[in-house]
């Protein structure tokens, strides 16, 4: 992390740096970490290592994309991990009807959860953190009930292809995540839905008075977030080649929120940084990988993570303009 | 209400004071007491249907179990009224317990002072970062959650080392009782009362509401915004550390596998108690009701008995949603003017 | 001996020099007007004086001593009391708490003495003509009353300097007189007052000296009486006196444009909402500007919001262009051709973080998109058209609206309304808090729009503006229509008497 | 997370997987009703409480709870109350206290943690309620604070895993440990047992890597993936439960390794892991048997009948290797 130059009077250069850091600080941090690793971590600069990091980060990126949208509306979604669990629970039940059927059912579970969250937030008017807390608690329980607590090995090779196959030398998982990043980026920038979402996050009463379908958009946002989470859930199942509703996506909500915030999306809504979110997830992944590769203990890993989050967010924080 | 306006100054605000005031009062009361209302309903149903629920011992067990969460929720109430949030309390709670157990070899005083000092210091760090760098409380305290847990593991050989409480006085505090109710319940009750007085009757309390109600206005009105923010996080840290210490006293050791999700329970309790996450409004009375409600629900699920754990989760989640929705509608009922 | 003095202060925000070597002196017992267009730097100067901002250069002297205030609290302790332009109270706290925040009366145990606090609050407020339950949440009070609480709070401490940044922008004429009474009192006690306002009449009524800012620079300072009104305006705008002279007090033409025989474009019948509106009924014909008159809290904003679908109605009928608007919601209202400009621009109008471009296009996104994808060229077309037509001053269409001055924010908001091609425009205080220049532009725009056949409903606390701008004025009191002024009756006197007589009759 | 999570198929196969007590040495401490100070009761009509520590979301826990319930049913115990702490220690404490309040006369506890039971003991001993702890031991005085412990010796399991690992690796090479959840007694003992024994029997084996996989398959896989990047020359992986080992095997496959390239040894004895031996990916699996019902109630019956019962009843865990995996897979749970 480059240090901010302290100057008594703002000169053009520090001003530029100040404008630059919040936007690109997270990328700079990634570069620094990569450089460190290239020198101090054996076998780091290899194609297979990059591949592993990308594979591992893909599900978090996908969940974080949805989280970024929700945070853009000044909300938060704690239930993403439970959605992943629900998706995981349905896969083995419906895989018998074919891969497509299983995927559709998993996605529908996401739609259902997202819809409930959305209705609780938009129509009932609950605060997002509480509304999604209910499904955070209950959703995983339901998933484990559905799967009867069993961990099921998945052997359907078509389905497993999603998690461990390659396409043009790049893992399918990474292709999917990249495609979703593009889609979400496009949605935020170029669609009516994206613009409305940002307006609602920026000033909800104003958006309401301007005649935007606020409730519908909010419900949609939570549905999209949950569907992305269920995609991440089914990809995780495909990757670990088994479905375990009790463990898939555990604590992912915190990783996702961290990725979003470290990536420069403010929790106060009205703004979504899609690429930043990807970078945020990547940064945290690299931190963890570095710790593991150097065989550090969990205590150290946790403390280092804490410091890196603070530095990254400190650098990326919005200066108060108004 | 009383109209003191002099004869020559015309009344500017000539609204219908009567009705406005009544609506206001009812909205306020329901919002504050919604959780209490739900709690009473639940209690009545429970008393009617579960014979085992009706014992004094059971009530005392619920209260003792609710003591640490109550302290944490108390701190959380302060923080949330300022419009913040503190995710680090679960970790501080465990850390506090481990520190208390370790320090108990130097006596009961040390067993309280060490966790208070360390957890207070982490709260202070949270507060300083939040107040002076404008970083979001959510993310600062999320980092503190990780950091404090890391610290706890670092001092307990990655969590494998459980320190036993060495001080008999501390053990006694954890498992003794006065009037058949555990000491910790009395301690917590006293702190809750102090908390209520601080919030309602001191300038610090006013500042807390002002900061949460409108930070900009508060700072323009000369409220020490930053100092207030720093203090609420310090308080929250101290209370979490204290909760950890009294829990260690009860368990007789500094258990390291505690506290995950504790922050979410505390937030849920505070919100069920009618405190707005957006800040500026809320009461400790509501928080008490919220904490007890969660405790009673837990107890009831056990009373039903022999439920598979996964169904228990489903039921808690559903119940949580129902309570919050009911609470919201109770408040809304009166809002539609 | 100067009371408060600054020399050569500068304040730089990213991209703007909000203050550029400004010097300013306040004498004891002086009421000093601080004027300038929106964005001239008035509020910034005040914030520098009171420790909200630290200046980037220059020197501050207070009572002939060099001074530096790190926080507003420091300034307050030193005896500088301020009513800021924007938020200055905490809506969720009670009236009494707001009044006493930070200096609550305490009993011998150091606890706040609630009883005494409420009692004293009642007494103090009564002196400002505000009689209300002081245990109510401040936010439930009308804006005017809130402003009075802020004033009472500022004056209550033993201040040597009282600074008021647009204190009258949400006050009724009568309240303004109460305020002036207070100012004269302070003046007599030798307290220095800095007074910011866009209402020239007020300045001439109450102020001794004037300082004019333009674009962050000092352009004039001196005795107000020696400065001709026209000259003042021309200094503010940096324009020729002759040019200014041609334009009247308001920019309204004063000529009716409504077609008497045409069918109403908006028919409102018997709107009822619990406690707030009772059988509110009126029509607006195409090309007509209908004013809604009344005191604060009369229900004007509620009426407008109800028509726009944003306020709960128990019963009532609304027709736009002959078609009934059933179960109004903002979405349906916009579809039916109703455009609402809310009273509180910041809280309900603009989306400050989004760009000018996106704010303007916000309500018409479906129209500028195909299959859910927005078309930039179509948006650019609309944005370009309205930025030109309303002369919106922004560094580029991509500038965030929150960074614009008040007047330009208001214009962006109007552009957003116009972009929906409305049949009816409902304007709640369209010129509140915007400077003379912008105000004139908005006023003539309203005329122009009515001329194009739109029906306009205008709410304004500025009686002159209401009377000159409207073809007809519907007078509300406590949610009831108590009279309608038409033709030659549309005068300030008639308006006042309608409000007053009806008020009497009711009591 | 649990220390024992497993592949599909729950339920008890009494004949195949029943617990067997290690033959206790003659001077092993015992406990009688008289020593304990309790009263004689008839289990059939008694109120019995069972407190489970973790969600019934993995085969070990499912089998454990089911075994208690089945056995109670078999013995005609009608008043069995079960609670589940969902891995929250404080909840387990108040669960148990609540059962004591409601008048249970026998407590069977699968503790989440070995320490921290002071308040429970205070309450239980006041009412002289015997406590049988299963699968994890509580650090307290048997026959006073609690009646007896029934379960495996986790350090011993680690040692046996070390022996198998040494054998499979030919006493040399580099080994990585996939640790269980931090702070868990099971993790601690399975780690120390393994490391001590390796140092003793195969000093040429280096433990080069220790990272937690939290007893979960996915994390075991992730950690192994990282491990294979930074230590490509690793020869052995010790999984402190089967789940992490199975995750590690998936990672090995993903990295293009062949079966047997890296020796995998783990603890639990689930079907999936035993199958991995059959398939050649794993070398050995040490069992940890979850079917506590029969033994727990048998001990309680004996105790209430006045007979002495052991204070420390260690069960015999079987083990699977290349020689017996195929034949004995039906005994795996």
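Going by the order they are written in, the chains are A, B, C and D; count residues from 1 in each one.
Operating definition for what follows: a contact is a pair of C-beta atoms (placed from the backbone, for glycine too) under 8 Å apart; a residue touches a chain by one contact, two chains touch by 3 or more.
Owing to the predicted nature of the structure, the values given are computational and were not obtained by experimental measurement.
Considering the contact criterion stated above, the chains in touch with chain B and with chain C alike are A. With chains reduced to the mean position of their C-alpha atoms, the one farthest from chain D is C.
Remark: chain A and chain C have CA centroids separated by 43 Å (rounded to whole angstrom). In whole angstrom, the spacing between the mean C-alpha positions of chain B and chain D is 36.
Each chain gets one centre point, the mean of its Cα atoms, and the points for chain A and chain B are 29 Å apart. Multi-chain contact residues of chain D, defined as those touching 2 or more other chains: 55-57, 182. Of all residues in chain C, none touches two or more other chains. Across the assembly, chain B contributes 153, 158, 308-310, 312-313 as residues in contact with two or more other chains.
Counting only pairs that meet the touch rule, the chains in contact are A-B, A-C, A-D, B-C, B-D.
Residues 1, 5-10, 55-59, 61-62, 182, 208-212, 216-218, 221-223, 225-227, 229-230, 232, 243, 246-247, 250, 254-255, 272 of chain D touch chain A in their complex. Residues of chain B touching chain D in their complex: 52, 55, 57-58, 61-62, 64-65, 68, 153, 156, 158-160, 162, 164-165, 171, 174-175, 247, 250-253, 255-258, 260-261, 298-299, 302, 305-306, 308-310, 312-313. Remark: chain C residues 52, 71-73, 76-77, 82, 84, 86-93, 97, 101-102, 104, 106, 110-112, 114, 122-123, 126-133, 136-137, 140-142, 144-145, 148, 153, 172, 174-175, 178, 274-276, 295-297, 312, 478 touch chain B in the complex. For chain D in complex with chain B, the touching residues are 52, 54-57, 80-84, 86-91, 93-95, 97-99, 101-103, 112-119, 122, 139, 181-185, 187-188. Residue ranges of chain C in contact with chain A, taken from their complex: 12-14, 56, 308, 310, 330-331, 333-335, 340, 342, 347-354, 358, 361-363, 365-366, 369, 372-374, 400, 402-403, 416, 420.
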